[in-house]
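Note that the chains take the letters A, B, C and D in the order they are written out, and that residue 1 is the start of every chain.
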Amino acid sequence: MAALFRGSRSLLLRWNKHVNLAYVSMRSMASKTPVGFVGLGNMGSPMAKNLLKNGYPVIATDVFPESCKELQETGAQVVDSPAEVAEKADRIITMLPSSPNVKEVYTGPNGILKKVKKGTLLIDSSTIDPAVSKEMAIAAEKMGAVFMDAPVSGGVGAANMAKLTFMVGGVEEEYHAAQELLTCMGANVVYCGQVGTGQAAKICNNMLLAIGMIGTAETMNLGIRLGLDPKLLAKILNMSSGRCWSSDTYNPVPGVMEGVPSANNYQGGFGTTLMAKDLGLAQTTATNTKTPIPLGSLAHQIFRVMCSRGYANKDFSSVFQFLREEEGQ
Amino acid sequence: MAALFRGSRSLLLRWNKHVNLAYVSMRSMASKTPVGFVGLGNMGSPMAKNLLKNGYPVIATDVFPESCKELQETGAQVVDSPAEVAEKADRIITMLPSSPNVKEVYTGPNGILKKVKKGTLLIDSSTIDPAVSKEMAIAAEKMGAVFMDAPVSGGVGAANMAKLTFMVGGVEEEYHAAQELLTCMGANVVYCGQVGTGQAAKICNNMLLAIGMIGTAETMNLGIRLGLDPKLLAKILNMSSGRCWSSDTYNPVPGVMEGVPSANNYQGGFGTTLMAKDLGLAQTTATNTKTPIPLGSLAHQIFRVMCSRGYANKDFSSVFQFLREEEGQ
Amino acid sequence: MAALFRGSRSLLLRWNKHVNLAYVSMRSMASKTPVGFVGLGNMGSPMAKNLLKNGYPVIATDVFPESCKELQETGAQVVDSPAEVAEKADRIITMLPSSPNVKEVYTGPNGILKKVKKGTLLIDSSTIDPAVSKEMAIAAEKMGAVFMDAPVSGGVGAANMAKLTFMVGGVEEEYHAAQELLTCMGANVVYCGQVGTGQAAKICNNMLLAIGMIGTAETMNLGIRLGLDPKLLAKILNMSSGRCWSSDTYNPVPGVMEGVPSANNYQGGFGTTLMAKDLGLAQTTATNTKTPIPLGSLAHQIFRVMCSRGYANKDFSSVFQFLREEEGQ
Amino acid sequence: MAALFRGSRSLLLRWNKHVNLAYVSMRSMASKTPVGFVGLGNMGSPMAKNLLKNGYPVIATDVFPESCKELQETGAQVVDSPAEVAEKADRIITMLPSSPNVKEVYTGPNGILKKVKKGTLLIDSSTIDPAVSKEMAIAAEKMGAVFMDAPVSGGVGAANMAKLTFMVGGVEEEYHAAQELLTCMGANVVYCGQVGTGQAAKICNNMLLAIGMIGTAETMNLGIRLGLDPKLLAKILNMSSGRCWSSDTYNPVPGVMEGVPSANNYQGGFGTTLMAKDLGLAQTTATNTKTPIPLGSLAHQIFRVMCSRGYANKDFSSVFQFLREEEGQ
């Protein structure tokens, strides 16, 4: 994490790191001590349950009492605020909708950092701007705690089955401590580098996924209009250089594959509004780093228009339907 | 092919088809009779040589005498015009740079159709507008000949090693006759449907390839600027939903893979100008069929600008270099 | 027109030009002799009527008998085919939907060029690919006739009131002869250069118009969402460097201006489908001349998607409505 | 400004507003009392000088001592920090490069708000994210001060000649107090609405300007390649619906107009890097408000790529040169 800091602060930080590492070793030995969990939504709730299944006591909170109550019934201890979680647990996982929620939960008046104990390991699995992850890491470090970003890929189904993929950014020395918890909730845990790189990896993957999906939808539509059978076209693409995950695993054309949202009227899957959110993050990071992303940017705009035109809650592969000529035109 | 025609002509055509099929069976039995070849460029020349290697006498022509001379030295008979080729061969393969050349070679004053014999099988391996393929098929049918489009994927190397992929459009009854010849020059031969669908498949594949490549270049560049190691990012994408041929087989970032143009200063491979040409065809067919292709269209424009900025002869994966911030900026 | 030809043909052509010019002078003197008119649609019909009003006998034809009958009742002589028009008139105006129609009317089996008299002046007011205009000019020249392209701007209202603008391409010596007729139907006649440049000017104007309109729609929508009053925003843009025809004369936001389609639920005006057609021509000419048009190309795609989503017959300024968040989202 | 707040805070705020207004009236009467100025760059320095010319004592600061010294020589009092400016002036103007600078100058450890007097009028002429303007307004209000955003259009030349245009957002009651100062530095002062709308107007104008400029460059390039004379094409566009500020006042094609950057090898004018910055703000506000801006977004990417390819310091109309085919290609 040294790269985040410069000049005269580094000595102090190095000292802090020693302190932190001492706490860390205590933590690693003390397994099955309570784990804090903030954010019990569609994703967070099954993740917390998987910690419980693995024998970890869970101390949880959420702004919605219903979510808390449900988790309480499966054995978790519910408290009133993120600050209170921080008082009672020295490993805390957060799973929140967006950057402002993360800021509030960490640095707000009842936030984690108000009561965090020195050496606490903070793992944020929200998908947010990596610049905010870096801000949180700096704020945590000031309190003697360690912050890591660990956004997930895989949806609610994967969360239920503990099959998520975690992309982890943060100091390498803490990675194994994080991995111990994350493997209870996911099938793959990948260390990506310094704080924020977990978010970066997630954002990058989803941007390329979005481009590949729209590209596949355009290509399939064009081919069909030129007289090609869609199944045959998919087969040709998949044995050639046009191949991508959207063409061979999640084809957007109804009738080409089974068990994908296009086979089920674009229900389930990954909503257009969620993809638009992730592309908004890609756009923001690209704008802030002055990186040109012409296709990523246009993909963002297309999913944004789709949200305006009634596709917000359909799976993002419904872009095929959006681009296709309407019946009777 | 009936779908190409309407109304009162269909009866005549059905009759023609019977005549053609009679000729066809004669052809299929008469293997190792001469094969005509028009267009002896970088691709056509090794293709014709592979026919010679397989024992087929080749009767060839090209506008460049040097190209003819070279093939003559390997055993082909060289004649003066496509018309003369048509007089001497009842199976003819054409491999030409673009639509106007194809029109000239088939329907020009010294074109194939001026002298074509009834029942001749005409296979065009050029990559052109499928609408022109359909025109040529209609013109050929009027002369009692059969036209198929069979564009290739794979470059000069694949042509030399007889490892091309052929995407074939035309009447299904003729497909096996075409296949007999094409397998001498390629490793895969795929039947795509009616005339023009070979072109359609080729165009579709290359459009999605172009989108995937630019998308991969943008994504890798963004990730690197966000602090990710390029090899690690490629690995993460390739095990996730961002995976595509450009990320896992032909990565555009120097240092990520070996044996690809990005490892060799973007020399060799598939030139930007050729990709721009194929995207021009995608654009034209999409415009003519009123199909929206927002990403395909933007990909076209990006490769077009690259051609204007000095990237014409570099491999198309040099889009990574084009998008990346220049040193010292 | 010499630039269109090369080498040994030029001498012959120069001779032909002398012959043509001799005929031309005869024509110019012989005013009020019959004028031929092919294509009596929404635009062609009022144009032909304006010729009649100016005292020109009109000899007309159209594929729809109803259109012919209506014009006959206002005094025109109706004949059966373009060829017959060519037999009876040495100045002919054509106004047709698209390139294939123009090809058919000029070079088809009953086309003008089958019976055209030497020295006839052919004026095509259709909006088509300038490459087709050049083809027609070459074909006409072979028959000793002169072809000019003269597409119009201004819609049905302008056609009725003889307020069209004509953009004229062709040999300069013929321009005044053309102008004599065109001024009966339009308020502005602009000479643009060699054959095809009339089309080029029309296509260029409409491409920039399309870009300006979508840009204005995006900008107004963004400003409104950022809390600006739309009328105030329009006023600020129009006194600043954001000013364009779409912001100051044809504003797409309901309530900002009166007397424009946005004030009338986007009825009337210039249909999205027509704009998509013109952008298709821009796309085709840009592709053929290898010219990058990133915004023009994206504008094309946006209007194409709008056609697929139910906006085909609304005024093209309805792009504001298309981009705006739907109620209740 | 009430719309910025909700619920129980509104009563307090209303009370605050009364207090503020009392101070305001004192200020308005006390004209020619000192004006604070923070940010003495290329724009700020001539702006501050124009205040001095109009008889206002100026108390200024900047991070660069050279900038301070220069202004000191023309009669300003220079102090060490924004906080000190706030101690000595109850009207303060800030002119800073970007959002982080504005945050630092207002809310940093030596920032204005550390020492601001109740009732002080704070006018920020920086071009920044309107969300940051709103944040600053809330922070200022907490201290009993009033914040307005007043970004400018017009460059260094206009700043020197006091010919800037100010777009002002903030409480309407304060507008006249702001206007008194702004008219010393600008020719036009436009009230846009609540805090942030000045920024919104500026961003909207520049986004539409960027789109119009690229559109004009594409269109002129296409027309030239289709055989049109550039001056004639500009004339046709400017009398038609393609007309925009970039075509009629700032044409990007060398030789079409005099006195514009395209006539001077794209030197002077408005640098590509500045336009890219403003489009970055448009992108960010659009992303944050979930507003689709397909053309604005693509314009952003194009100027961003131009910055990577050596056009950063050329006038933004050099996009014509960027898109044009290189010599010899």
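Everything below uses one rule, namely that a residue touches a chain if its C-beta (ideal position, glycine included) is under 8 Å from a C-beta of that chain, and two chains touch if they have at least 3 such contacts.
As the structure is a computational prediction, the values presented were derived from the model and not from experiment.
For subunit A, the chain whose average C-alpha position is most distant is C. Each of A-B and B-D has its own count of C-beta contacts, and the greater count is at A-B.
Look at where the CA atoms of subunit A average out and do the same for subunit D: the two points lie 36 Å apart. Remark: subunit B and subunit D have CA centroids separated by 53 Å (rounded to whole angstrom). The distance from the centre of subunit A to the centre of subunit B, each centre being the mean of the chain's C-alpha atoms, comes to 42 Å. In subunit A, 290-294, 298, 302, 305, 307-308, 323, 325 are the positions where the chain touches two or more neighbouring chains simultaneously. Only residues 298, 305, 307-310, 312, 322-326, 329 of subunit D touch subunit B when the two sit together in their complex. Subunit B makes touch with subunit A in their complex at residues 3, 130, 153, 165, 167, 188, 190, 192-194, 196-197, 200-201, 203-209, 211-212, 214-216, 218-223, 225-229, 232-233, 236-237, 239-247, 249-250, 282, 285-286, 289-296, 298-299, 302, 323, 325. If you check the complex, the residues on subunit C that touch subunit B are 276, 280, 283-284, 287-288, 290-294, 297-298, 300-302, 304-305, 307-308.
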